[in-house]
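In the two complexes that follow, chain A is the common piece, with chain B as its partner first and chain C second.
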Partner chain A sequence: MKVLIVPPNSLILFDLVERFGHEPLSVMAVLQEKIESKEIESPPINVTVDDVKKGLKYAAIEVPSGIRGRLAIYGPLVDIAEAAIIMEDAPFMFGCVGCARTNEMMKLLIRKRKIPLLELDYPANEDEAKAMVAQIKTFLEGLVK
Partner chain B sequence: MTLDHETRYIVLAPDCTMTPDQLVRTIHTIDADVIVKETCFGAVISGKTEAVRKVLTEVRKMDPTRIYSKVRGFPVGDQRRCRAHHGSRPGFAQLEKEWKDLTMVEKGLQCLERGEKVPPIKKKGKMPVKDLKTVCEEACP
Partner chain C sequence: MIKIAQLSCGTEYSAVQSEIEAAATAVGAKMVYPDVDMEKINSAVDRFGFNPVSPQLKLMIARAMALADKSYEADAVFISSCFRCAEAALVRTELRKFIQNNTRMPVVTYSFTERTKSGQLLTRMEALVTIVERKELLARERQVGLTAGLDSGSSTTKAVIMRDNVIIGKSWTPTADIFSSAETVLQEALAQAGVTMGQLEAIGTTGYGRFTLGKKFKAKLVQEELTTNSKGAVWLADRQKGEATIIDIGGMDNKAITVRDGIPDNFTMGGICAGASGRFLELTAKRLKVEITELGAMADRGDHTKVPMNSYCSIFGIQDLVTSLAAGHTVEDVAAAACHSVAEQIYEQQLQEIEVRKPIIQVGGTSLISGLVTAMEHTLGERPIVPPHSQYIGAVGGALLSSGFIEGH
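Then we have the complex of A and B:
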């Protein structure tokens, strides 16, 4: 099954989802397509007219362009996701995935789709990590292909 | 996704017994048509999807709980990202943090392998108003 991961570029989640036999939906694969597209001059900073249109599907015109631009990438992933894992309070949620409003909006879009969803906290110690891995395994094994 | 080729990070956990150099040498011995670049945390490999998956499967067999992987958007040595060409690395802070935490994830995977019982953890709640008041009063007496 296609499992969307949040943070969308997380190494830990990507690896665990793949390890337990599902297809992780991440932002890297989408960016690869954009980077290799001839349409964009200096990727991935530029957006195309199509991206703006895609962003409008997920957020209103008043929403800042940064959020709409990000949602143009995240939104289609949410649309095709069959399940999702959200890891809250990841300490690296700044930089290229650092828009808090976009992250909130993405979580809202996921919850509105009513797909199987696992929400957990970023582990702070070994016990929490053990619990996280066990929860992810149980969740992924429970998904019917 | 729809492309027939991919680039992947192969990340060695901090307490992995293998070094990035040994990892790259091992990848070179596998009969797969991929480009390999050694990095401080492991390696970046690029090639046809089947070849990349084959390398990953083979490499993982050596230390399953300490070798991790994820897809990368930019190809190996891309001038916009490669430090040798003064490219920026906006995702490195995230990769570094997760690399450090792989030791904890590894313990989780080993715990599952051994079939051990997972220790119960308390769900993090919101800060009680009473505590918040105390913090505010301490900060602004």
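Then we have the complex of A and C:
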């Protein structure tokens, strides 16, 4: 199944999803495609004015462009996700989108989809980390198409 | 008295709360503030799924939950927050969807500045009240008897005479003096219909001059243009059942209205910028030295992508237009760019505030500018329906709804 991870650039969550036999939906592939695209010239990550306009699908014009631009990238991942894992309060080294508003909006979009969802708090110690991995494992093993 | 539930953030600190209440009072309604238990605010936020940092936005969410759960009764909902607040804009739009999905109450959203005055809110409040108070009247699908509709718009005045669900006379003129413009079109429409003023069983007025004309012509129906135009649009497009989105790009303001069985349940009205209205196209036609009636076909022959028109202001838009002509672009390309600019602004500024439902019905005088309809098609990915007599929606709505006041009907 296509499992969206939040933060969408978390390498740890990406690895766990893949390890348990599912397809992680992350932002890495999307951004890689944009960066490598030779036709577009809007460095450093080639988010164009048209991308920002596409973000209007998820947030109104009044919402600042940075949020709409981010949602233009993350929103389509939410649209195709079949399940999701959300990690709350993760330190930014774990992965982040750099914008608290976008984070909240993404979580809302996921919750509204009513897909299987696992919401976790970032572990504070080793025991909690082990419990977290066990929870993710159980969740992913329980996902059946 | 109609109770309009206010879900808002920042109104008290922006000096607009009294304006909101004044607008509600002016249309015979009362603003109410759903009571919520302080202890339930966090659980409401959890249930909603978006956790804003601002506590007043959390309260907004809890109040919306109270309405959805029917623990607080109201008739309509007004959702409002400060212009340019990102967090509030996200919450406002999502709360609007939440209310629409969980209640049958009409809802309107509005982002205010400290300059917002009650007059700007009046039509919106009046429409909320009309939808609640006149549900039966708005459900009317057939016109009966002999009635007239008068639409006193900011650019043009229109009159329609209807008999037994058929338009038998119609006329329009540019709005100058409200009385003489209305008198002119009414007499012309009556002459075309072959009837006299004395024979009319009811008159309905709408548009900016509705109150003044309603008094003069002793109208049985005086109603704001949001609900009246919606009725006229679905009647003309023969889409009285089911859902639709009505886009009415007017001379001074634009309306985007979603309807269910011909009755609006959500609408936005933009009136801040002339760059997104029919007025900009009038200015364009004037600068290109063509009649406004020729602008659409001219735009259809052009290619908007060849002309950079990045300004969202009518003054700077005309400046772009002049620069483009000076650079050697054809008038056709410039006309197409002007139409595209208006369509894009409607999409970005208004259609984001409502849930676009198919089919899309484009009406109002600007719907006769084919280049603008083409531009809307490019922007929306689907060609809007432009019904016959699409510029007469307000007058048709007035004639149709006023027939509900004829004795025996």
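Throughout what follows, the second predicted complex is superposed on the first by the 134 of 145 C-alpha atoms of A that agree within 3 Å, B and C clash if a C-alpha of one lies under 4 Å from a C-alpha of the other, contacts with A are read in each partner's own complex, and residues count from 1 in each chain.
Please note the rule applied: contacts are C-beta pairs under 8 Å (C-beta built on N, C-alpha and C of every residue); 3 or more make two chains touch, one makes a residue touch a chain.
Just so you know, these numbers come straight off a predicted model, no measurement behind them.
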{"item": "Combined model on chain A where chain B meets chain C, clash or fit", "value": "fit"}
{"item": "Contacts of A:67 with chain B and chain C, given as first, second, both or neither", "value": "second"}
{"item": "Partner chain(s) touched by A:18 [first = chain B, second = chain C, both, neither]", "value": "first"}
{"item": "Dominant toucher of chain A (residue count), chain B or chain C", "value": "B"}
{"item": "Touching partner for A:32 - first (chain B), second (chain C), both, neither", "value": "first"}
{"item": "Partner chain in contact with A:53 - chain B first, chain C second, else both or neither", "value": "second"}
{"item": "Gap in Å between nearest CA atoms once chain C and chain B share a frame through chain A", "value": "10"}
{"item": "Overlap of the chain B and chain C footprints on chain A, listed as residue numbers", "value": "none"}
{"item": "Residues of chain A touching chain B in the complex", "value": "7, 9-12, 14-16, 18, 26-36, 42-44, 89, 91-92, 94-97, 121, 123, 125-134, 137"}
{"item": "Complex contacts: residues of chain A adjacent to chain C", "value": "53, 56, 59-64, 67, 100-101, 104-105, 107-108, 111-112"}
{"item": "Chain B residues touching chain A - in the complex, by the definition given at the top", "value": "1-3, 6-7, 9, 11, 68-75, 78, 80, 90-91, 93-95, 97-99, 101-102, 104-105, 107-109, 111-112, 118-121, 123-124"}
{"item": "Of all residues in chain C, those that touch chain A in their complex", "value": "48-53, 83-84, 86-87, 89-90, 93-94, 111, 347-349, 352-353"}
